[in-house]
Amino acid sequence: MKISGSRLLDLDQEQCYRALQDPSVLERCMPGCRSLVRVGEDTYAMKMKMALASISGLFDGKVRIADRNFPHSFRLLVEGSGRIGFLKGDGLLQLTPENGGTSVGYEGEVRVGGTISAVGQRLMDTTSKMMIKRFFDKLAESLTPPQQ
Amino acid sequence: METTVTKKTERLIGKPIRRREDPRLITGTATYVEDIELPGMHYAAVVRSPHPAADIKGIDTGAAEQHPGVVAVYTGKDIDHLGAVPCGISLPDLRIPHHHLLAQDRVYYVGHPVAVVVANDRYIAADAVDLVEVEYEPTDSVSEPEEALEAGAPAVHAEWPDNVAFTHHQEGGDIEKAFAEADVIVKERIVSQRLAPSAMEPRGTVASWNSGDESLTVYSSTQIPHILRTLMAGVLGLPEHKLRVIAPEVGGGFGSKCELYPEEALTAFIAMKIGKPVKWVLTRRDEFLATIHGRGHIDYYELAAKKDGTMLGLKVKIIQDVGSFHMLLTPAMPTLSVLMLPGLYRFKNVHADVVGVFTHRMATDLYRGAGRPEATHGIERMVEVLAAELGMDPVELRTKNFVPPSDFPYDTPMGVSYDSGNYAAILEKAVQTVGYSQLREEQQEARRQGRLMGIGIATYGEICAFGPSPALPTGGWESATVKIEPSGQVTVMTGVSPHGQGSQTTFSQIAADELGVDIDDIVVTHGDTSTVQHGVGTFGSRNTAVGGTALVLAIRELKEKIETYGAMLLESDDVSYAAGVCTCNKTGKTVTLGEIAMTSWTGPTYPANTQPGLVATNYWEPPNFAFPFGAHIVVSEVDRDTGEVAIQRYLAVDDCGKVINPLLVDGQVHGGVAQGLGQALYEQVVYDDTGQLVTGEYMDYALPKAAMVPTIETDRTETPSPVNPLGVKGVGEAGTIAASPAVVNSVVDALSHLGVRHIDMPLTPEKIWKLVQQGGSA
Amino acid sequence: MKTQINVCINGLERTDEVEPRLLLIHYLREVIGLKGPHIGCETSICGACTVALNGKTVKSCALLAVQADGQDIVTVEGLATNGQLHPVQEAFWNEHGLQCGFCTPGMLMTTRELIERNPEPTDEEIRHGLEGNLCRCTGYQHIVNAVKSAAAKVGG
Amino acid sequence: MIPQEFNYSRPGTVQEAVDLLADGEAKVLAGGMSLIPLMKLRLSAPEHVVDLGRIPDLSRITENGGSLHLGALLTHHQVATSALVQEKCPLIAETASHIGDAQVRNMGTLGGSAAHADPAADYPAALCALEAKVRLVRRDSERVVGIGDFFVDALTTAVEPEEIITELILPVEEAGTGVSYQKLRQPASGFAIVGVAARVRKDGGRVAMARVGVTGLAASAYRATGVEALLEGSEGSQADVAAAAAAVDEGIEAISDLHASSDYRRHVARVYTARAIQAAL
């Protein structure tokens, strides 16, 4: 399944680039991420609990950052597998300055297999969009100091 | 002497009597595989691959094995000494990959069995499946057959990088000449999508090992108990006479239970290993993943004709999506299509090329119609395309090209011989019944109002009543044993293995008439290899035509013996048997069948050169297939705004030869039509572009519900088959074969004035809406 | 942790200790031994498992046995009384409303409720009323005929 | 297909129920029509299930000050067939009769369906058109949430883990209001590919009130306020309806799945919106 979109963040391009690759930021913002541990150059082991109301599942996986082109673009590869199936995401993130902030464009592909794919097909499109939205919401929230 | 046989005069053949199977089925007392409970029963559950293609790097069964209640976990290495899942077809270039019961170092489709867990409770077995850790390294996969044929596509089996599973070529006449002489050539790419057979009872097996006499009893939801026994004995390396296979009540099959599945043999293997009875029943999700799919054709048609509509030649290229492994009859599906490519038409020149293609999907194999629906869909669509091209009425075009009644038996260019028929007459009957010319007027009026009304016609000819034996790897005969018990009651054992067809009823009707006894004095049994003589089974619309004939011939043989005994008891050399009574033609003295039967078993004396007992077995080998035919007409209306299709009328006029029980024949037609209509409008097995099965439950695979099927009107003509003494042909698959082109033709007809010539199935509202949009209609 | 349940099944009182996760269909089939209700899917689409719970049809594979505690259950085995087939059973038999029979127990239970709620259903009402029961064999035509015939018999 | 093990509680009162939920770890079971299939597929594996099925207070239907209060545990069948509901709030009764099938309607509940918030469920369209309010109760407090704040996203609502829905509060329909729920069914599941609920009242030849709720098109059900605004004040002619219906997908990110693309869904939403409004007028 192809995924694409963009999101405007209230940070300059370089800050944004660093934040998106900061494991502690990713750990906080990736929906369901329970832990992210560095296991190698640009590679992190991840434990996550995907939870969507009644639907939930534990996944063990990996996050990898590749094709760095500071501060313009990089590739984020996520994969996880658990009892209810597996998921694999491969996306190119492109950062461009816009209106004093940064527009983060993403384009990539998500592959899902196992039970979630066989019985949850009709929810896949909606839920992947929702997960991405949650990620950016969390990111925006965690990067913007609360207004007084 | 007391007798239980009453004199019977009423003939039952041709009567709509209600089924003898039903009392157990309507009271919940029938026994399906899942209902079998044996002391000490254990439960097996299968771990399946979530990947379409991956190397197995390791399997950790430790946690599962230690789970309380789990007795064993088996993986590929535990069964690599066992035989492969068999393919029974031979073709010159057939490539058969070794199909292990469990994956070895690679998986080849989503759902591929990787391990099996065994526990003393089904809930624990389900838990333990989740505890088996399999490490996969996914590799590239290919799921569309045409992509698999492209250079550089991932190889499903490394040894055959072109992904070609087999090729087949067949031709008759002179195709080049036909195309050279043609005024018009129409071409179309026609897809028959993958379908899930979807018997309501999921597959299942119970196996029980007796270590004392080293014998195995296997209950399986199968259409072919005897063949299953031979195959399973081979896979397990067990002497065949130590294996008893029982097909208990079977909840539908439609071809999908005409296999040896890996799980069936695994269940048996486990029962032998652990020395306890083992039950394994598929879930519906597993059923979608790991029961064979039907169809899976991409066909390229070219039809050559004269301006006046005379059809000259037909060229077809068939691409069959095989899946990753062959099952029992997989390669025969497209070759069966080839036999019926000409339909009911007098083509002299036909040319067919088949390529079977490996893909990373579950195997395809026989599903109701098996190869014939694809062929019929193709030719009946092409006739419509030609009619549109020539501006001819499709009824007229068909009638012009039908094989005429005077030409039977008719040898087709595909090398088969149509047994009997009157094709023009059945289409005429359908056209009259439905009021065709008036419907065309209504259609004109509808179009004036901006409504999209369509009239779809499909005629079909079907090859069924399988054998004869050269056509089948199993033998194409069928068997029957008839035994008159000492009390005069009749036991019939048939080698067919019905699972919803109602053969206990039709065979009782046949036996009652042939023997002249009351139907209540007849019991028909089947499906147990230790009590029933060897048999072939139920598929290819063969029960009545082949099994019923074996029954008739066994009874006829028995009647001679009855008369021999009658002659002895009546002390006459001139007796005749009829209606349950043997009569001396000189004195008029009589003796009943009951008295004869008792004497035959208990003596004290027997006729000279005659063995005790009234029992006869017949194995009947048919000399030819039978060829039922028919004409179905559908009236539909398309919602211009949304593309939804409403079927307003469905008329099925079929000729299945002599009818034994019209109630059951109608039932077969209705059920068949619903399945063909399901293919036309709703059903499709979908693998996404990463090889994942995304129609994995009834939430996404649309099996027709009552409100999605129209009222089905039926009518008949009756042209006896000369192939068998009953004159019957077969009706199990007819409806399915006719329905998909009839429905699609009606919808294409509704849109024809917008320039639409063909739509691939299923006709989803979205697909149709898009066509309406593109048609630029006002 | 097992839970005690008390149920009345086809007129007989039962008390059993069950795991909370035990599905009602497995309770009926494996604890009680009533094999009439069948399992055809797991997403409550097919309806082969249909039984009546306090007089209302439910899909027993989408219910926990503990949910049935204190309630009255009727399965296909409880339809006939004193050896006399229920009119719905009789109608399915007469009209050839079944072939392989696997969906039939559920069909019968749904039909019984359908004609109780609507004694004179039209074809369309019947087809909509049977939406929760899949049949792969009959094409539904004879089932519709059977429901009509049963309705006429019960009503008349 | 078998659920994982869990602990089970069956409270007899709302208070007992919310006490059990106070730690936020338990999952509420109402009719189970959504939850149990998910548990069988092991897509849901709660450790503690709190079954609300025996709380009599949750199955009441009361009329109070121009509102109809429907207990969360009312089954779809009860909602569809209650004479009071049919008279006072016919849209919810009509919608209930379109849900699932007879057996599912006998067991599935209003509150359960609302809480599950399936993007293709039928009720949410009607609840949006009715501007329903949802009463949420937790151990020490309760709140009433408007439907606009209730449906948050696909399968996501404002209900917190420690809360239960006790009732839905719907307006008693004013005389002269016409209602209709129209859906294009997904043939396999019976869910809506798109479903549209409409309430329309005319006064003096003009549309005085129009409410339109849509399900299936977006990640969660919504009120098509653009349609409403165009319709209100118009004469409600066929052209008015068509023009208004065309606004149904404005600003909406349409779902795409196996059964329908987002383009087709948008188109069908416009067609069915017009049909629902026409039927209601």
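Observations, loosely collected:
Read from first to last, the chains carry the letters A, B, C and D; within each, the first residue is number 1.
Following the convention adopted for this analysis, a contact is a pair of C-beta atoms (placed from the backbone, for glycine too) under 8 Å apart; a residue touches a chain by one contact, two chains touch by 3 or more.
Just so it is clear, the model here is predicted, and its values are computed rather than measured.
When each chain is reduced to the average of its Cα atoms, A sits farthest from chain C. Interface comparison, C-D against A-B: more C-beta pairs in contact at C-D. Rounded to whole angstrom units, the spacing between the C-alpha centres of chain B and chain C is 29.
Each chain gets a centre from the mean of its Cα atoms; for chain A and chain C, those two points are 48 Å apart. Along chain D, residues 1-2, 4-5, 41-42, 186, 188-189, 258-259 each make contact with two or more other chains. Looking at chain C, residues 19, 21, 42-43, 45, 131, 133 sit in touch with two or more other chains.
Across the assembly, chain A contributes residues 83, 115, 119, 121-122 that each touch 2 or more other chains.
Across the complex, chain D is touched by residues 52-57, 83-84, 115-116, 119-127, 129-130, 133 of chain A. Residue ranges on chain D touching chain A, taken from their complex, read 27, 34-35, 38, 41-46, 116-117, 119-120, 153-157, 186, 191, 219, 253, 255-259. Interface residues of chain C, counted against chain B in their complex, comprise 19, 21-22, 26, 29-30, 33-43, 45-46, 48, 75-77, 79-80, 85, 89, 92-94, 96, 98-105, 108, 123-124, 126-128, 130-131, 133-144. By the touch criterion stated above, chain D contacts chain C in their complex at residues 1-8, 10, 29, 32-33, 36-37, 39-41, 49, 51, 53, 77, 100-104, 106-107, 188-190. Against chain D, the residues of chain B that register as touching in their complex are 122-123, 126-127, 130, 283-285, 641-642, 644, 681-682, 686, 694-695, 698-703, 705, 708, 764-766, 769-770.
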